[in-house]
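You will see two complexes here that share subunit A, one where it goes with subunit B and one where it goes with subunit C.
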Partner chain A sequence: MSNNRRIVPIGPFHPLQEEPEFFKLIVEGEKVVDIEINIGYNHRGHEFISPSLTYDQVPFLVERICGICSNSHPLAFVLAVEDAAHIEVPERAQYLRSVVHELERVHSHLLWLGLAGHFIGYNTVWMWAWRYREPILDLFEIITGNRNHYAMNKIGGVRRDINPGQFPEIEKVLNLAEQKISMLTHAVLDDPVLHARLENVGILPKEKAISYGVLGPTARASGYAIDVRKDDPHCAYDKIDWNMIVLEEGDIFAKAKVRLLECFESIKIIRQCIKQLPEGPIQARVDDIPPGEGCGRTEAPRGEVFHYVRSDGTNKPIRHKVRAPSFMNLPSNEYAVKGYSIADAALCLAAIDPCYCCTERMAAFEDGKEIYNGKQLLELSWQKTEILKSKYRK
Partner chain B sequence: MNQLISQIQTELKKKFPDAKIFEHNERRYYITIPKEKIGNMTKFLYQEKGLRLAIATGIDTREGFEIIYHFSLDSAGTLFNVKVLIPKDNPTIQSLAPIFESANWIEREIHELLGINFEGHPNMKPLLTSDDWPEDKHPLRRDYEQ
Partner chain C sequence: MKDLRIQGLKKSPWVFHVAAASCNNCDIEILDLITPRFDVERFGIVLVGSPRHADALLVTGVLNRKSLPRVLRVYEQTPKPCLVIGIGSCTCDIHIFKNSYNVVGPYGKHLPVDVFIPGCPPKPEAMILGIVKALSKL
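Let's look at the complex of A and B:
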């Protein structure tokens, strides 16, 4: 190893992903030449606990895997059990599942946009994105009874129905959200500084995207057109008219653009679901789960969530495998980060989808002396944006 | 049935005569093959047919350790689940990580949780368990005691 190489550790509680992670950036001056990814600080043994719970209890367990995607995991689980036991879900329940699932996508993408804005020094974007995420959470409360951990899915259907009295309120929030996301989208996509800051940074080419098996917006921004909602239609997605957003560039700007444009598609899906909502029951009668196995998958905001369930005929699953999209997306950073500056690398790690709660735990040391902590890393990123801004002002 | 799926099925039967194919429904297929064939099967599905490895599941069963490789054919929304059985007295199988990066992490996970060795894996370090976790304890095995 040459003498001028330094290690910049980010973690063990990484600020930008939703799980505590440890990234060891190996840098030469400003440039990142290698990265080591270390996870497992938050391993709670869900696959171990799940076989000790009954089929009715497991959705509540998997709901708590992630606070942001707390509809995707139980949905994938119930789809897996329904696949194993050949359960037909009533049509009204299919539509209601789609409504909650798409609302989750809008709130998650707004959360990401706000954090990304904060990270590059656009704090107005942060405040606004999060301000207009609030009505979406209120909508969750109206529809499911909870702002988070919705407890909407059960094997054979959903737990709560919507009544027509709620439609005007839903429409009001959707209109407001659409208007504000449109404003944010224009602000982001027309900004020359953001183009300069985010374009051609952290590029993941399509062949690498396929080899790493990345999912969701990370894949679709690299021209890898996969979306479980289109490919393996479940819920009401095959009865609704909507588009898959695919871009070719593979850089951070493309990832941001995919997420922003997806919000509009989600709103479109919710509107159609509410309009076409068929009458009927919301739950199917479920008796015993017969022996067998099933796979369930659904498109979470970050990509495909995959659940595998094996049943032996008792009231508990004998094996339950959970695969979250970040498990496939994270290793792709090994490729995408190399060759960029530290300020960009931190952003690349954020681009697959961040969570920003633990910044203060970040610190870099050189010969016992702190060189970067969370705040300084932020300032490094802001500085770069400021330099670009001053260039464009001239 | 989708033409692509029936084409894959015919080629599968020709190339892997000892593979047992079970159709759960039109979007879920389960294929059982001997563990020595997993390398060839992966090359066939991934390199020739363009399937994506969604994930692999390791299970401790009475007969031995079972690994299910979930391959997804995205253009038809179909899952081809390839099952292999690994004897308990010698739990080793060929690693798929040299073929594609997406197998890297899941093999590390199965290695630490079930104690299966993947031959040819570039980095067999534990992925999820803590640094002081004993190497001979595998939480997803049936004989594991807390």
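Let's look at the complex of A and C:
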């Protein structure tokens, strides 16, 4: 039946998503039978620039990997450096990090909800969700000084403190946000139109979720309970009472529900952090970073962010590796989109909350010929690991 | 005839959003302009889905090797005269990505940009001011 197949190209500059990326939908009639995703329009070479900057400058660089997770990347980076240098972070800084991290989750989930509404042509949801995202951005401005790109994390602590005079304002915004998100949750979960569009669409069963290795809300909506905040507690998450939201269905409706319910958990965490905020310094003194390596993991709104840093004792990292959650979530589209109509494909592609600027990788070409592909790079990496191992064994 | 075209551009400009290699942040703030708090649709500024319908291009992010030819093609498809508005510090210079192997220089080298709006990201108020300045330049 291959002569019935047609190709629908989408992108790279298209009104569907705000980032440039290219989808090739292979369709039979209205049904999507295959998909190819072509990325690379956003590649800026962060891992290459990072070793040319000092440790204090890198958080500002990794913040600009992605504008939505602009607290997760610096947080994962500073955790990696603190792991390498064995730095004890003051307790107050741990709580402040959690506050900003959870605020980011609320803003990101509301943003996704709005865009999901926009993709199915339901702009009312978009307008409402983004309207109630604004007070959260105001709160960011109060706490960190900027609406986006918060520059809150530094090695050994945080840059800014919250003073008690700001507590009533924070409480006011949290109350407003909780009330409005609850309204929005009821409106979305009871809406027959959204039920009809989102239920039983783009289903990712649990075994597929595990085999693709998906992370974050995408995994939790498929019944795969994985969350770095519970599995490997960092910041103040082990001192606070909160629940992981896990649903079994795996369709887009479940993904929306997981994200909406997580907003309430995040607000709960912020309230407890503000209440339990211990007194003390907000940053530890850091003299130098000894030779060694460290890993930092943190739960971004989309899933686990992983940073690896290797230090040789100078003031610059010699290797900095980033793995963002969308890199793991994106291939699962291959399974989730197949068999649905073109109209649903747009939503299925957006359901994992993709972030292409986090995901971009490179391939090296010379005279039109690929000189390093994925397999060769992997082999190169194994060779390098062997060299390092033999070096350390001596 | 040309005067008439410029007169037509001044009222209710339709914009097309081109994210070259950005970090998403300026892009979100652009979408923020359309939502209720700022609501630029009051002034007739509408985000359109095709460059062929657009009066102005909002460009964000640095240009990289893969996106440069595509951005130039989008610019060619836009009916002239059109405005090009660079949003964010990345468009003004190369910003923090100075040392990257994949970034191909500032916008000024490749596109006739009318207004640069600095900031990382600029506040929505600054973006509105920038668009107003671009229109008053006509």
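Here is the rule we go by: the second predicted complex is superposed on the first by the 345 of 394 C-alpha atoms of A that agree within 3 Å, B and C clash if a C-alpha of one lies under 4 Å from a C-alpha of the other, contacts with A are read in each partner's own complex, and residues count from 1 in each chain.
The definition used in the following text is that contacts are C-beta pairs under 8 Å (C-beta built on N, C-alpha and C of every residue); 3 or more make two chains touch, one makes a residue touch a chain.
For clarity, every value in this text was computed on a predicted model and none was experimentally measured.
Looking at the shared chain after the overlay, A:M127 reaches subunit C, while subunit B stays out of its contact range. When the shared chain is aligned, subunit B comes close enough to touch A:Y212, but subunit C does not.
When the two complexes are overlaid on their common chain A, residue A:S52 makes contact with subunit C while staying clear of subunit B.
With both structures placed on the common chain, the touch criterion links A:F60 to subunit C but leaves subunit B unconnected.
In the superposed model, A:I226 lies in contact with subunit B only, and not with subunit C. In the overlay built on the shared chain, the residue A:R319 is in contact with subunit B alone; subunit C does not reach it.
In the superposed pair of complexes, A:F327 makes contact with subunit B only, with no contact to subunit C. Of the two partner chains placed around the shared chain by superposition, subunit B and subunit C are both touched by A:G40. Of the residues of subunit A, those at positions 40, 43, 45, 48 touch subunit B in one of the two structures and subunit C in the other. If you check the complex, the residues on subunit A that touch subunit C are 12-15, 18-20, 40-45, 48-49, 52, 60-61, 64-68, 70, 111, 114, 126-127, 130-131, 134, 147-149, 355, 357, 362. On the side of subunit B, the complex with subunit A involves touching residues 24-25, 27-28, 30, 52-55, 57, 59, 68, 70, 72, 74-79, 81, 100-102, 104-106, 113, 126-130, 139-140. Residue ranges on subunit C touching subunit A, taken from their complex, read 17-32, 35-37, 47-51, 61-62, 64, 66-67, 70-71, 74, 95-97, 99-103, 120-121, 123. Those residues of subunit A whose C-beta lies close enough to touch subunit B in the complex are 39-40, 43, 45, 47-48, 83, 86, 210-213, 226, 228, 231-233, 292-295, 297, 304, 306, 308, 310, 318-319, 321, 323, 327-328, 330-332, 334.
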